[in-house]
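Note that chain A is present in both complexes that follow, paired respectively with chain B and with chain C.
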Partner chain A sequence: MEQFKKKFLEEANDLINSLEDSLLILEEKPSEKMIIEEVFRVMHSLKGGSSMFGFDKMDAFTHELETVYDLIRNDSLQVSREVLDATLAAVDHLKVLLENGEELSPAEQKNHQLLLSRIHHIISKGESEQNDAGKPNKASELPDNTDSVGITRVYEQVPTYYITVRPHPEIFRNGTNPILLVDELHTLGHCKAYLKKSALPKFDDLDPELCHLAWEVFLATDKTIDDIKDVFIFVEDVCTVIIQKIADVNMLSKSLFVSAIDTFMQSEQATDMKNLEEFIAKTLNSDSSKEDDTIAIRADEAGPIKRLTISNIRVSSDKLDDLMNLVSELVTTQASLSLFAENQNNPELMSIAENIEKISRQLRDNTFEICLIPIETIIIRFKRLVRDLSNELNKEIQFVAEGTETELDKSIIDGLSEPLMHIFRNAIDHGIESADDRLARGKPRQGKIVLKSYYSGTNVYIQIKDDGKGIDVEKIRQKAIARGFISADANLSYKELLNLVFLPGFSTAAKITEVSGRGVGLDVVVKKISDIRGDVEIESQLGVGTTITIKLPLTLSIIDGLLVKIDKTHFVLPLASVDKCFELPLEKIRNAFNNKVVLDGKQVPLVNLRNEFDIHENTPKVQQIIQVNHDEVKVGLSVDIVLGEYQAVLKPLGRMFKDLEIVSGATILGDGTIALVLDPARIINTFDRETLNRREKLYRDLGSNKQQLVTLKELIQ
Partner chain B sequence: MSETKTGGTLTSYLSFRLGEEMFSADVSKVLEILEMRPITKVPRSPSYMRGVINLRGSVLPVLDTRIKFGMAATEDTVDTCIVVLNVIMEGEPLTLGALVDSVEEVLELTEADIEAPPTIGSKFNPEYMHGMVKMDDSFIMVLNVDKVFSTDELVMVAETTEKALPESAEAQVK
Partner chain C sequence: MEKTIVIVDDSESIREVVGFTLVNAGHKVLSAVDGQDALRYFNGEKIDLVVTDLHMPVMDGISLIKEIRSKDDYKFVPILFLTTESQQARKMEAKDAGATGWIVKPFVPEKLLAAISKVVR
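== the complex of A and B ==
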């Protein structure tokens, strides 16, 4: 039971998320029937699940919510701000209920009561309307008794379905009560069910743990066959359900038909479809042309529905992590096998090792893909954030998300939501102006925040763009001077000034609000993003808006790399950034003017890794130059030997090396030694910066007045 | 081990040598002792970071304890060992290796055996000492492992000890 409960919790979380999403769409398109149906459906599933697993409070709560959306469905109630606000608040409360189970703190209990009364208020409003408008035709349309309160609409012109529900004997084993399914059919429309107990054994032979009953149900409803199938969605494999459309009109409203099937069913003989059809045809005076729309839901039949359900499976993220670890270990072991095979000089072994290498590479790629999730999964909460905050701050903001199908590694997505939240809060609080301000400035009343994500090379970019007031660099300058970050006469470029906002302790909001600006600023964003090896860039134009761009690596765990060696240390360079390899005599490197060498007829800046890494032993006479490419900047890196391609399983270097930017991690080679994985982008940035610093220091030493620049560079670091 | 005279509970301490000095660490902090093996140097890391090694598939940072304690670096010998320690750094556990000149023995001590570290005239910052134990005319420093190896304070140990080094040379002469 515990395990089912856990599963329900997971599912309920997903349901609540999709509910939130649907509600937000509903807000934009309040009359969209499909969305209302969707909201209703989700609430219904939540209700069913919570009552099944003993979440009584949640059951009662969702029941009320369901009633609201039932009223909306029947046009007795309009989707209004009031309804949506109440529902969203209720959704938040549902999350609490899910998390804390049935035990609520006094404050939550109070909230519970408050929400319930809000919902009751809405319901009573809707119901009075329904009673005014709905009474007369309801009475005329309901032909007779059998049907309970659940019925909402029965028309003459709805098709009639004939449904055979034949639960498998072992259906009780997973806790399903088939009677509830038949009950649920009753809620769909005008319904008449007949119990079939022909399979019931003699009392002595009866096994009470098995189900021997079956039902035959006539249902007149405006729902589609798919809706009817949904009733049985959880019991597909323990229940045979055959749904047939027998007429295009409501046969149950024809008393002749009803009395006929009554006697027919009581005869206890197996229902013959042919007889039935003939009879219907007779009843309708042969005026209906029938469609044979027969669909069977059966577990052992690979029907179209079944295929649809297994196109997705739910796997816990722990299992995925395990899988990823195993693949990493396999890749490491494969590396030692390849090394061993190479040393054995046995062609047979070599070919096996090569095959394993190929397979493990494919396995690795597949596992990666499994671990990728679309960025959409974290977007919902931002939609919600924009909605709530803009209400709170009395701003009108439209949120647009583009490219939400862009996929990222699960671990990166996890690390992304906090900094994004921060950026959004900033944009809403400081970026977008109030509606009046906007009108005064000739902008549209409604502000706009766009989140755009896309792939570029081996990176994923996420852009958050607002059309708010932009950043006033003059203010930044004054503030930076006041805080002592820069000197009063410092001469900074526009971009340099903008970048100051990333410094710790820098917040430009004049007043501190609930939303943002508690002294923690964008520096936190930069830190969090760099924790997942990303970069943050900011662009802004006063009065036009601000754009923040986050650049992220596709994955964090295994990369294709080029294995190289300097003295005794192995290094791995990500293959994605490697352009070409060259060979140069040591002399040329030592004598390189201004640290530039000519590669392929072009001057390329050279980073002599031996110098930078402070390795001076055993320098070979010929150096290998790896030309790497980062953001269109080409740089040569000098190493001793190029060993070849290598699949590197990235392992973190740990907190002892957390300040080390240029190494993104370590990997274990086939022989058990460790190779360090270099990050070319950061090498270029770091050394670029250092060269600049050195040059500026030189200027300063020469008495030049470039001093301010130096202070800035130090500051930006 | 012998029953305690003072009646306190016995705690085991691993003692090791750095140059002429003896130190000890609570064995509950020691995961294992490894023989010296090739260590991959990590460029641009602090001088007291010797590098990283592969410890059964994970990357283990190795510190040169001599440099960290402000002593002169020496060549590794056959006795040089890597003591794998589990320390608490910023509230989270962290596994690291510490290079020592040699591992000596396991001492069983009661709290009463450990004397408070001297506050003045000591070459080591008392903040990093749990105390000291007198053993055959010499002292063994009982380290506060978590404190000594926490990053923020790494450099401070070196600074204090470096300053204190000349004094200690004098002290040794006596």
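== the complex of A and C ==
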């Protein structure tokens, strides 16, 4: 039972989350039947589960909540603010109940009672409205059938019942097999059943879908008539059952009676009570020897445990992380195997190595897929945040989430919720204006925050867009000057000014409120996002709104790469950003005007990686140019040799190298040497001419200190 | 004798506790998360019993029962539904749809097996 209990707890957590979600939708559309049903269903499941697994407090609690939504379902109660507030508070309490088991601190216990009385109040309101509309009550309920499996001893002094069982012809239609019911009578006591097949038609006329049989049963038992009726509980409507007590003693223990009815029943005569009474009288008078009978105990041996067919399983995230690590190890080891096989020149070994490579690739892809979870899982808490904060700040805000089915690696999602929370707080507190302000500005009364996520290439984008007051860049400029981030005469573009908000210690909010502005600025957001290899961009228009876009890699740990070599050093480029490979004579590169070469008839800026990594030996006469692409900007990278595809397990480089702009990590090759993994996006940002120009200008604006010759991004890290 | 039993419930814990009990009793268990999901099992294969919840997303228990009864191969298959004491109306509705019997939640494994022994052998 313990293991199910644990499962239930997990499940209950999910249920409560979905409940919260549904409730928030319900708040927007209070008359939406589907949602009410959904809420009711969740309450019902929670109640069922908690009673099943012994969470009595939760059982009682959810029972009341279920009643509330049952009333709503039946239109006896309206979805009101009061109901929703109480339910949401109740949901919070359910979380507490789940977390602490049934142990409550005094304060929580008080809250428990308080909530219960709040809910009772709501229920009584609903019920008074319901008047006398026949509500099902306990008394009218059908008894449930349970304890019939126990073996009953037969006593001499138990009454004997005569039972006629006449199934209606159509009894098969609901899947009932009447013989099982007759069988069950045998478990109640000493029993003898006679089949009546007089109604059976000739074989040719027989409709096998109809039941033509009936039974007459003698049963001696210490059970009550109600217990016997319970056997037929499922078939009350499709079977006529008459139960009569014919004697106060066990007639079936009297051989005379048994032989008498045996003969009588064989004769296929219609049984009537008169005949029966006659037999009983006769038997009792003679009072022949008593026989002891016991019922054979049916040995229900438990069968061997078989595998359960389950369509879904739940795995703890630790196990997934372990799996992911093992797959990484496997991929690394596989690389050594491939290399070894190649050197052995053994065709058999080669084919094995190739197979292993193929399989490990598939395994890797599958593992990735397992680790992907939809963004939806963290959206609920934002919905709640928007609701609670907007109430607190007296703002009216509508929250819309789009593309919540977009999936991301679990580790990325984990790292995402905190920065997103921060962005939301900002949007609600500083972005969206109060309703009056909005109306005064000719905006709709209700503010709107849209969270939109979508795939693009190997990235996932998450956009948080509000239609609030936007960012005043003039304020930013003044603040930046005041804080000494830029000089007073600096000439920065709109975008550059905006980007200043990402600098540490930058907060434009005039007053510090409870909600945001606790001295933690957007720089933390950028830091957290770059921890998971993401980028943050901000766009804003004064008076119209602000959009923050987060760009994230699909996964973190293993990438498909292109292995290249410069002199003796290996490098890996993410395959996703590689467009095409070209060959160019060294002369052309050396003579390239303005560092641009012509690839496929187009001028492309060239980055000579040899210069970048300070490798000047053994330059081959012909260079390989790899054209990489990021955000529609193309750059050519020059290397010596292109070695081919390679699965790279990304290893972080450590703090020492955190300022390396164009390297995103390292990977271990099959022979144990290390290859640096290059980040084309950063390369492009660093070397693309236009980007470069902009950056140079920024350097100047940032002041004369050479130490400050770093990009904005470095500043924030 | 081993029976093939389809268990339909959107709650994983209920599915598992029912599944575990039935497998221990020597049966083969096929599980489904809702009515729609359950229908994939009704493809001509032998099914001895269906145990279904009534409240489920996508396709509820009542619709599932009707759907099963409309299939020639499964016209007579026993169907038990899970219910609670407070659901009298639903119980009748399920019976009318063609259910064979019901199991009242909460239940212990013995109770479940007892209910099953009433409708399948």
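Quick notes on this structure:
By our rule, the second predicted complex is superposed on the first by the 449 of 717 C-alpha atoms of A that agree within 3 Å, B and C clash if a C-alpha of one lies under 4 Å from a C-alpha of the other, contacts with A are read in each partner's own complex, and residues count from 1 in each chain.
The rule is short, and it goes like this: a residue touches a chain if its C-beta (ideal position, glycine included) is under 8 Å from a C-beta of that chain, and two chains touch if they have at least 3 such contacts.
Just so we're clear, the structure is a prediction, and the values are computed from it rather than from any experiment.
Shared-chain residue A:F613: touches chain B; no touch with chain C.
Using the contact criterion defined above for the overlaid structures, shared-chain residue A:E329 touches chain B, although it does not reach chain C. By the touch criterion stated above, A:A592 is placed in contact with neither chain B nor chain C. Greater residue coverage of chain A by touch, when chain B is weighed against chain C, goes to C.
In the overlay built on the shared chain, the residue A:L503 is in contact with neither chain B nor chain C.
Of the two partner chains placed by the overlay, only chain B lies in contact with A:L676; chain C stays clear of it.
Of the two partner chains placed around the shared chain by superposition, neither chain B nor chain C is touched by A:I25. When both complexes are overlaid on chain A, the residue A:D237 reaches chain C alone and has no touch with chain B.
Residue overlap on chain A between its contacts with chain B in one complex and with chain C in the other: absent.
Against chain B, in their complex, chain A makes its touches with residues 329, 332, 568-570, 612-615, 651-657, 660, 662-663, 666, 668, 672-676. Residues 38, 40-45, 49, 52-54, 57-59, 61, 63, 89-90, 92, 94, 96, 151 of chain B are the ones that touch chain A when the two sit in their complex.
The touching residues of chain A, counted against chain C in their complex, run 4, 7-8, 11, 38, 40-41, 44-45, 47-49, 51-53, 66, 70, 136, 138, 140-142, 144-149, 172-177, 180-181, 183-184, 209, 231, 233-234, 237, 300, 302-312, 314.
Of all residues in chain C, only 2, 10-17, 19-20, 23-33, 37, 55-57, 69, 75-79, 82, 84-86, 88-89, 91, 95, 98-102, 104-107, 110-111, 113-115, 117-121 touch chain A in the complex they form.
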